[in-house]
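So that you can tell them apart, the chains are marked A, B and C in the order they are listed, and the count of residues begins at 1 in each.
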Amino acid sequence: MSNTATTTGSGAADLADVSRDDSSLRRFLHGLPGVDQVGAEARAASLATRSIKTTAKVWAIDTAISMVDLTTLEGNDTQGKVRALCMKAARPDPSDASAPSVAAVCVYPDLVGTAVAALAGTGVQVASVATAFPSGRASLATKLVDVAEAVNAGATEIDMVIDRGAFLSGRYLQVFDEIVAVKRACGTAHLKVILETGELVTLDSVRRASWLALLAGGDFIKTSTGKISPAATPPVALVMLQAVRDFAARTGSVRGVKLAGGIRTTKEAVRYLVMVNEVAGDRWLSADKFRFGASTLLNDLLQQRHKLATGAYDGPDYVSID
Amino acid sequence: MPGKAKTSASSATAKVPGRRGAATGAVAQPAARLAVRKTYKLYIGGAFPRSESGRTYPVTAADGRLLAHAAQASRKDLRDAVTAARKAFGGWSGATAYNRGQVLYRIAEMLEGRREQFIAEVGDSEGSSSAEASAQVDATIDRWVWCAGWTDKYAQIAGGTNPVAGPYFNFSIPEPSGVVGIVAPQDSSLLGFTSVVAPAIATGNTCVVIASSSRPLPAVSLAEALATSDLPGGVINLLTGSVSELSPWLASHRDVNCLDLTGVARAERGDLAVAAADSVKRVYAPDALDLAADPGTGRLAAFVETKTVWHPLGV
Amino acid sequence: MTTFPYAPAPESRDIARLKPSYGIFVNGEFRDGRGQSVKTINPATEEPLAEVSEAAAADVDDAVAAARAAQEGSWSRVTPAERAKYLFRIARAVAERGRELAVLETLDNGKPIRESRDVDIPTAAAHFFYYAGWADKLGYAGFGPSPRPIGVAGQVIPWNFPLLMAAWKIAPALATGNTVVLKPAETTPLTALTLAEIIAECDLPPGVVNILPGGPEVGQAIVDHPGVDKIAFTGSTAVGKQIQKSVALSGKRLSLELGGKAANIVFDDAPIDQAVEGIVNGIFFNQGHVCCAGSRLLVQESIHDEVVAALQQRLQTLRLGDPLDKNTDIGAINSAAQLARVRALADAGDAEGAVRWSPECALPERGFWFPPTIFTGVSQANRIAREEIFGPVLSVLTFRTPQEAVDKANNTPYGLSAGIWTEKGSRILWMANKLRAGVVWANTFNRFDPTSPFGGYQESGFGREGGRHGLEAYLAR
């Protein structure tokens, strides 16, 4: 991942002051251009009509695989399941070494150590959700302990959740300060800030939350926990990609976007890559700057990869279940 | 004729108590009071100018008596009238429909008060009996009332929402086309005039009207009533004179949006319609004007544009 | 070198079922016209697509006679409810052969398959479906208790939306009980002739719809024909005026849908990303060959630079090229003549001191192409701010106050459409009220729907197409 977003609240000089106090932050966030929902949806739908075939599809599938944060976030997760997931992350297609490994494995903090051991030397990152995932309903102190444990266990990426209650009630500075504190607790680990857009409801809120997270120093902004529906949707992804694009144009700092929840098919993943390409630009077309948080998506990508390689449609028995 | 008291101003004398019958010329009485005659002028931008050309033309009654010398408008008067109509358009079209309705009703009130004057003038102009003339005047007043009622209803019957297949709210409304050039009917001097003018302004247009060439006087008197009602100057601009001289200038004027050829004989409409095409005017040329029939909404519809507005429905 | 190059994704040309030759459709039969034989070409490649034998004046006579006979005979005996069912049939058949029509349209017109497939053809089918339902409900339409057809409608349509314009013309005419003689544009006759085939397959009585490919002289013959009761024309204002003159002496009913020079007005509180999409869609949809195109961008001075920069960035993602490629956004200019006109007006923009900008994009060597182009520094007096270019050329002007925006927007003899972008509701309605245009898109642009009346103020024409209002132009007064 990039090192551009190293300082808390980094950005151009004109943004330095916006987090001075609650009213400055509110003024800034509410001064961002509005998002017309219908227009955003129409744009997202129009991008979805791109036809990605043959060589473009081959490239898109491998790129998508390399962007997957292979995730398991269940109460009944076991060390064995995490180890199996790590095997698959490092070598998604045992029969074809040319298939790229995924970007990261994403687990709860108590399983970070297991994943770190299993992935040693593979280059696959270990990501951990933290900060009282998924609800975020805990004291800041508890959240920071949660983060510290994951980092100490070897997680190189932390996926935090914002306090949606605070955000929706307009306590922006509280959310900002919390992200700043978590970022500090991350040390060198990269921070992905989960906005839980399904709870923010409007695209205006998604835009404001995106900027808030970017201003506070998040390396990535991430749509969802995967525990709330709707999770990642094309219009939400559009608005978040616009946010990182505009943030980069204004500050020079290129931050990432992670879409999580509900993306299960190659077709959807490829459409999102088209969106990344045309909305944010090709600087974002790498695992450094764009991720899919997913579990079942990987198998569909692999099946489509088989299809392109062999010309025959694949079946679910030819990929491993998690 | 000169020397006789019965002139176009006869209704004014008739209204004076004790003067009734003065015109019969009883020998032993003191000389009858000399009536004050009216100068019939144009009505442009709320003012009553003479023609800039200085021209007038004699207007006679049906029986050949001279009624007055009316102003004979020139193309420059017409140009000024169009300018006045355009200037008034923003205010009149922007007024609330309720306000326009009140103004039109006020016109009816003003006419009711001058009912006797108009009966006399219409009778003189058209050679009709007093009963016929009063029927015309009554119908005229009632037509203004009818149109007054339309101002805030027409948009409701001509407009509406359109259920488009998408997340949009979409509605259509009629809006006035702009400046309407009207050639008023040649025969019906007051009711005909009202029947073409009132619907045009009811929807918010302003107009330039060429009155009946041979029977212009009731229209000029109507303009005097308009000036004392609350109608803003320039909403109705009245020209008297030669239809054949003026109408080509009206038809070709590029700042006139619509052309109503009701008062032009069918054989003469073609050239005017051709001239109107140069600025894509809406041309309205009905076969006949049946003043006794229900006027319908045709004239309201003739000079409006449908505007359709789209807006997304989102949160 | 882009990171993610899209591989070519061409739609199959075979789907169009192109025939070597096409003729005229009169009285239910296809035959050769007695006019000249012309080759219709693919404007993207300049390759001939098919031979079309055009109509001559004698064919117009035949078509009008057939339409008259049908109007007074077979078609008048069809009950309104059955008339509706014929139109529903056509709607379904157009949808059924949608892909074929889309490919054919793209070949003949040069527009991207994405647009013909997603806009032109589905909207054409929807138009028939909408008006079908009116056929037996006309008494409720507000045009009197027992509405009557006018008679024979002569219809002349343009090349920018060939099938869609045919649907816009034919559907309301038939729903109201008229019969039709329609002339498609000379450069784009193929989908109208395929529609004729569909109409024949739907078993409409012969003569109800007659299609006569041909040039301006065929159009003039229809306009002048004494057997025609109503003329409906969509095309340039210059030709519209000529037609209005032609019918002035005849008493024929007339509706005109002419040119435009729409202002797309962007305020500083607009949803900028959607406004940029609206601007792009407004002027580059269909290569700007759209009468209601948002060809004048009026942007509030304080956000001029920001909007232009965003627009330039967006234009770099537009894909110009093979119209059959499913990823193409900008197709070919329809004809050499139109390309010459677009070039001449763009050159006038240069000469008048406006600043021209286009994204880097390679134009194909063959065919008629013009890159998406933005002129900044345009003044209200420039030709590119006043004349309809009918091409992918946007003129950018600025304003400071809402009143100035209204004044500039209305400062044109046209009045077809306008766009407003602002998040302030009361301003939207104030602007919508002041703008002298038949269609006002607020926070959107270039949306069309069969239920939504379309048509202009002033020199953009008169009469409305679409919706309940669209019936009026085909009903006797």
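Worth a mention:
The rule we apply is simple: a contact is a pair of C-beta atoms (placed from the backbone, for glycine too) under 8 Å apart; a residue touches a chain by one contact, two chains touch by 3 or more.
Quantities reported herein were computed from a predicted structural model and do not represent experimental measurements.
Each chain's centre was taken as the mean of its CA atoms, and the one lying most distant from chain B is A. Here the two chains linked by the largest count of contacting C-beta pairs are B-C. In this view the innermost chain, defined by its CA centroid being closest to the centroid of all protein CA atoms, is C. Centroids of chain B and chain C (each the mean of its C-alpha atoms) stand 40 Å apart.
Spacing of chain A relative to chain B, judged by their CA centroids, is 72 angstrom.
Inter-chain centre distance (chain A to chain C, centres taken as mean C-alpha positions): 44 Å.
Counting partner chains per residue, chain A has residues 36, 38-39 touching two or more of them. Multi-chain contact residues of chain C, defined as those touching 2 or more other chains: 443-444. Across the assembly, chain B contributes 168, 312 as residues in contact with two or more other chains. Within the complex formed with chain A, the residues of chain C that make contact are 2-9, 114, 118, 269-274, 277-278, 317, 326-327, 423, 443-444.
Per the touch definition, chain C reaches chain B in the complex via residues 126, 142, 237, 240-242, 244-245, 248-249, 256, 258, 413, 415, 428, 432, 437-444, 447, 449, 451-462, 464, 467-469, 472, 477. Listing the residues of chain A that touch chain C in their complex gives 33-36, 38-40, 42-43, 49-57, 59-60, 63, 242, 273-274, 277-278, 282, 285. By the touch criterion given at the top, residues 36-39, 41, 201-202 of chain A touch chain B in their complex. The touching residues of chain B, counted against chain A in their complex, run 167-168, 312-315.
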